[in-house]
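We just call them A, B, C and D in the order they show up, numbering each chain from 1.
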């Protein structure tokens, strides 16, 4: 079955009367058929969020002009922030790794099997160990080692790579490095990390050791957009696994990996499908 | 804080272009401010579902006339089924019980503490054991014993009670009796049952014994609207608990109760707040 | 069915060869039939933990002398800490409350229905609101108001009550007061609290507000023994509920209550049935 | 750190006094140090189960003779069934596949990363699609197509392969074929399957379609030992994922895969580590 082209609008603005009508009328009058409409109002912040997906086949505004038209006719009027995506564009995702392979395999399998509509033009590693996996999937592997001294130049190199491979967004698949603000400003809300704890518990290094020391009865993982504050960016997804007194740190690590990979992959799924919006320190997920 | 009056429209119809716009325009043009809009299209059945809640304070159509106006101006045009509710009406819920108290207490606590906006005008028992609980909460308890022979007349008695107490909907809180079609037709999609298994597994009597025999590793509970087919009505909510080989039937019963009461109470919450629609054998939950 | 008397031994000591044999031989040779034996070795701490339950009916050592005999013949030899309980003793549990009733009802229902073999001789409240609930269950309610200034004398009063009612252990059922060391030393590892977050996240006051601010995707609850460090005692049980961006603080509070009461009640179940041991800052649960 | 050799005894027999003492004494007296002892008594069936793992380094009975000695001195006396395993033996696992890769990748990653101590000498496919994955991991792929007509000879070929590759046990990683009794009798309780539903719901083909039709609110997966009755063998592990009305069949399939692979891998973990015993239609898991 050939898939029709659809357009996806993600928007948020101060809450005010008539927005839904304005947006749906705009689409309806221009011969778009709405497939999904999800709306959310955050009462605390008085903020309106909406995701709307519509069939583009009969739409009378050309694709190239839609951003401009929507901006002029709707967004400006309501002081909206918005994103526009078309289903025909396949996002290009770079994966950054260190030595652990569980998240990487989970990502590669989903791409290869067609579960995700995504391209992975490059895998970047600060260690060479996972190059063999990249090779198996015929994906270029770029080895960019990092030390305290070389961090700046390593990130410059990485940014060059992002440009060379025309990357839309980045996934840190248990990439154990802090990203500097300089790098972040090139990919605002476009870098997804997986942290191996249910944040905000156990921020920072070695969360499983900390969890074991505290004697918790569950461990977790958190996927979030990376911002300047370590492990404090907008949370996209979290999940946990039950553990018991019998679990040693090595068991937490083993059980935690299963949570990490699933929680990271769910976040990537939302991002690829334009099903989330981040505002302030929160995400709205349109499931 | 005084709560404003809101109106809630629940609707479904064959999917077609322009419905969202038609409904939101109707509300907007008559000075309603939309607070929540949740929409769902079932692609398999080509069916459109929507829940819309709006501030009524400035609305120009009188409350008594809204059903008629919406029906004429919108619903008929789109061959819609719809329900209209006002937040100022407190639903009246009858609770049917047998001997077990866990669901009943969970319900009573939520009513008493104000977690639910609901009235419980009557508790009906086919056994007298729980009368003392009803008394503690100053709720009339009607003892209607049932045997095979007296079923018909017992149900007639129950229907009288429903009328006397002006009941909107009924909750079967581990009421271990089958409801006949004659009774059901008076309360279509207005009787909520809790079944102590993750349906469709373990339909019928003694599901925990069956679960134990089968050696499953999880048990569950299912809340659903009661229809003529036993344990086959539209499912509202399900959840499970993990168990192990060490759990005997009595442990399954104990652990299961915790799932049952929560799963039943979530279903009641959706119903009270007009957050669900049943169509064919499925429910749409607007959370 | 009449239940036989069983004895339960809970013990821990430095790990060493032959402990299991020594204990099981002691029981076997004195005509005890072991019903449950659960053993755990913590490799990090090189610590051995065991729970053993055995039929006492044919046991040749009189109940009154068992503590002494076991101490002399086994425990001293292995430098063991141990507890001895008999199934015929029904533990006496005080419940401390403030204004919220969800945990209290959950506790009372389990006692009343016979799910728990426990006596509740007294409910203590620092507010008078829940007295009516105590009355319904014919349990004495002791109102002990507390202010900063009267804390010391209030706790003295509470301790008197504990003595008067012959209390074995205490449950803080959303009792929103800090317990001072002076009180704690009278009930070491005998006070169970429920904290409304997945600790160690959101220690202290208003965890649901903090959770909402952080934008987490799950909320939780933690039952733990109370120690001098606030919210830092040995964790007994934890669980979580998934939430979404659509949940406001009031929804977190509502959904959280369901987790709190279940997590607290599970902890009480373990304690009543002598299924847990706390050592350092961890608990071993023999499920 | 070099790992010491340990021996693992899995045993079950009719419950009777003195078994634990007999077994622990046997080990203790022969200079074995017990590392893990897990015991379970099934009261319904009056059956005793135990897993015991002990350091073999100082043990005075040679490895080759242990089976015989234990049989003579302990097992026969108590009419025990037992298995003996040594930690130095790495189990050899064949993986049977059809066209779907999610379970296969999950298995291969765990082997490659060292999470599992297992060898995979061969992957068998009734379709050729996954051969490329086998090649990437340098594992022989044997393509054995099956039709109704060729089933008998195909299974004969498979059995030859099992012998050739010296296979200890078999995993059906979404291998969509029924195994005949003839094949099964060669691998009793040594074939692990993953079924894509929470059994006993949705036995047989297309469980996700059936789940969608029934309108359930959760989907699941079940790993079990394969026996002659379709989808009715002893269950090893089950888990579920919450779904909503918005999930179409393709979403159930997508979300279900994540549950399937984790549930299958947990079962394999227990099997590899000799942490489970099947008796009648149940499994005892020593976690």
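Structure notes:
One rule holds for everything that comes next: a residue touches a chain if its C-beta (ideal position, glycine included) is under 8 Å from a C-beta of that chain, and two chains touch if they have at least 3 such contacts.
Chain-to-protein mapping (UniProt): A, B, C, D = Formyltetrahydrofolate deformylase.
Quick caveat: nothing in here was measured; it's all calculated off a predicted structure.
Homomeric contact subunit B/subunit D: same residue numbering on both sides for over half of the interface positions. Centroid to centroid, with C-alpha atoms defining each point, subunit B and subunit C lie 36 Å apart. A straight line joining the Cα centres of subunit B and subunit D is 42 Å long. The set of subunit C residues that touch two or more partner chains comprises 244, 246.
Chain contact topology: the protein chains form a complete graph, every chain touching every other one. Across the complex, subunit B meets subunit A through its residues 17-18, 20-21, 24-25, 28, 33-39, 41, 242. Subunit C makes touch with subunit B in their complex at residues 100-102, 105-106, 108-109, 112-113, 115, 136, 244, 246, 254, 257-258, 262, 265, 287.
Residues 40, 42-44, 198-202, 212-218, 220, 234-240, 244-246, 248-249, 281-285 of subunit A are the ones that touch subunit C when the two sit in their complex.
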